[in-house]
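I've put the structures underneath this note.
Next come two complexes, and both contain chain A; in the first it sits with chain B, in the second with chain C.
So, the complex of A and B:
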């Protein structure tokens, strides 16, 4: 039955959505009060923070050898882990792609990725430190696992979005499966894979500065030690260097993506 | 038996109990263009894809050069596919590869995956690719990326790719449906010329009855998964078209 002029509305109110928003607001207020997030507590924190900030400056670069050694190690961990992660993800993503592979192949490949993605890199790093001992090896393994989980998923999705018309045409020529992959699949996903890999390298750079906290190599260990000794000016120096490194990485990945966009 | 290709009792059901092809029997001579006409959804594309098993037939035989393709294991099927060229409605070129690389796709069945990946093709294949590019009028476009070409140019590349296989049968799935009328005629003419020069049969799915009449030596009319007309294009009448497509208003 068509409704007549006066009671037609272009934007009828959605009471369910309004109720949900209200519920969210109520919960936020409740959670804040539960955690004693009061203005007074906030003011006290600000005061403490001001003292901390004052002790950060000026940054102290006198122990630059320690700083450089840690940064170089972090960088190496990030790059090696990204390369290993990319290499391992390629065959795994191909296996996991449901448009090219039967269920018995894609299901286990997906399971591996889900396991790799389930834990934060720091937790994986703790596991590897226990398994293979302190140092860069644990860090590389931890970030490789994280990369496989993340890259594998992105690459699988990219492969599942390709045009099957091109695949069909190459199959119709009697091409073996490996050639179908290199001629009909790879060209469609290559530039996206380069984007994913450089994005993951970027993420690994950030993660590699952190996993040192749990003893998996890199600048994180140095940073943590400086915190513990209240060497806040050295902490500042490390933090500034990390920021510089991340920015340099950002510039580099933009250039890499641009180079492969064509 | 002089037929180059015999289709026997071909049935295809995508959903069990709902056949798209209801037992097709057709013989194709070693030469000439056969046009398959019929309304959309009547199984023309399925028929053509069942021949090279891009779609698996549910039942029946496809006998090509003495072999039943339906019964072949994967490896032998690949060997047979190398001799069957295919041209598609939407060209199905690999868009991000160059025209030359797309042509060489036609040789992938003969070159090892490693050599193909490294682009190490035999001299002969490369020479043939350049020769074919000249024949289809795209001599200048060898290095152009496939997605930079117009529709007509892409279909020429598609035909050249099929010709690279040195096919003994050419399947064309609505090769002109995405093209303007003038380009359609040119593409049909090109396939006719090549088929006559190299002596292989062509099976073309086509919507355009006029094009079918103009270029085909034989017309197969299909409706609802069955062959309802099979004969020369001259003998096809309005009554036949009514039976194939249903209704008559559109013929006015």
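So, the complex of A and C:
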């Protein structure tokens, strides 16, 4: 029997959800106390923060040559790594696509991507710094690995979503495999690939400003050094430049996607 | 013969072709220019195999016995940092997302301001945020948690704002017509509509934050990265290998957990 008008609630309380929210709150308190995040520490920090902010401003652009050199290197690392990453991901994604390839080909290709994706670019950069020494090369290699992991996954998924009718049609004409790929697969995924590649270039640009912290080239090294010397006005200049560059990158990405209707 | 038959059909309009050509040209020019000017010392590449071999030899055997005393506690710290950071980020991102959504806040100036905040938060990398917070709060987990939180605002806020913009007007109008205050509109109008997207975004971000929390320690912001940094500075590659294996296990476990949860919740 349906309940009658007056005491029926439009939004009956969901006790399971309330219990879950309560559990989350308990966890938060526990985790905060475990990490010793106390209000007292926070308050002390705010006081530091005010002084710190005062030292950040005004930004100091006097050492702009150092700044430009680092930014250019970051940009170079991002561009080369994105290009290399895209070139390597294309064949790998084709190999990994389950709808075009047998299991013995797709499985190893997928494994390569998972391995590339599992470590943070900074950790990969540490390993490459050991392997090829300090400098831009380590950064390029580290970001290439990250790009292969990420782009490979996205591209594989895109290829697996294509319509097989066109593939069949091209195959029916007796076309060799290369022609099937060029005329039946690529036209279906090309604009999405452009979108992925430009997104990855954006991501690489962000990461290339950071890997310098472990010695893999780019502006990160300059930034870290400025922090350690307490040159906070120079730090501010660097960070403002990074934000400007990344925003410019995002605007450019939108334009590229528009050109390809991705 | 009619003119229609002689007409040449093309897939793209001239404007599209020019646009594409410009993009291709710029991409190739940028790659070539970068390749020619980037400072790479090829001599370093020659002994890379030797160096990698040396690294692997130093990593083996992996110092498993180091896990209970030196790795477990910081690893748990890292997970707490990732989770707390994600929750804080969501708390800060929700109001910004409401401001950024054009249908919720029909004020272009506020929309732009909110979007600027989101882009700025995203543009500064987690590690750079961590450097800032280490300078303010000193080394430790507090700096790491705040770094994760502030960087994640950009990502969660952007996606949440887009989810809000896609929400259906109908329910909202019904609530507003009944004279519901804005909190009721938000809780009973928008929240049920964006809930699946919300949990998907939170889980996805948490997964990313677990990875990021592992490297925060390299700049002194707490977690397992500090143990990794110490091991690397002392050239204890066997301990570093142990830590890398532990991080890998946690990252894989987090990915499996989020995939399973996503299936359940959404």
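Criterion: the second predicted complex is superposed on the first by the 239 of 262 C-alpha atoms of A that agree within 3 Å, B and C clash if a C-alpha of one lies under 4 Å from a C-alpha of the other, contacts with A are read in each partner's own complex, and residues count from 1 in each chain.
The definition used in the following text is that contacts are C-beta pairs under 8 Å (C-beta built on N, C-alpha and C of every residue); 3 or more make two chains touch, one makes a residue touch a chain.
Because the structure is a prediction, the values reported are computed rather than measured.
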Could you tell me if A:14 is touching chain B, chain C, both of them or neither one (first, second, both, neither)? neither
Does chain A have more residues touched by chain B or by chain C? C
With the two complexes superposed on chain A, say which partner A:178 touches: chain B (first), chain C (second), both, or neither. first
In the superposed arrangement, which partner chain does A:65 touch: chain B (first), chain C (second), both, or neither? neither
Of the two partner chains, chain B (first) and chain C (second), which one does A:169 touch, if any: first, second, both, or neither? first
First (chain B), second (chain C), both or neither: which does A:34 touch? second
Would you sort A:190 into first (chain B), second (chain C), both or neither based on which partner it touches? first
Return the residues of chain A at which the contacts from chain B and from chain C coincide. none
Going by the contact rule set out above, which residues of chain A touch chain B in the complex? 163, 165-166, 168-176, 178-180, 182-184, 187-188, 190-191
So, in the complex, the side of chain C touching chain A is made of residues 16, 19-20, 22-23, 27, 30-31, 34-35, 37-41, 44-45, 48, 51-52, 55, 77, 80-81, 83-84, 87, 119-120, 122-128, 131-132, 135-138, 140-142, 145, 188, 211-212, 214-215, 218-219, 222, 228, 232, 244, 247-248, 251-252
Would you pull the chain B residues touching chain A in the complex into a rising list? 52, 54, 78-86, 88, 90, 92-97, 101, 105-109, 111, 113, 116-117, 158, 161, 165
Chain A contacts chain C in the complex at 11, 24, 27-28, 31-32, 34-37, 41-42, 44-45, 48-49, 52, 72-73, 75-77, 79-80, 83, 118-120, 122-123, 126-127, 130-133, 135-137, 140, 206-207, 209-210, 213-214, 217, 220, 223-224, 227, 232, 235, 239, 242-243, 246-247, 250, 256, 258-260
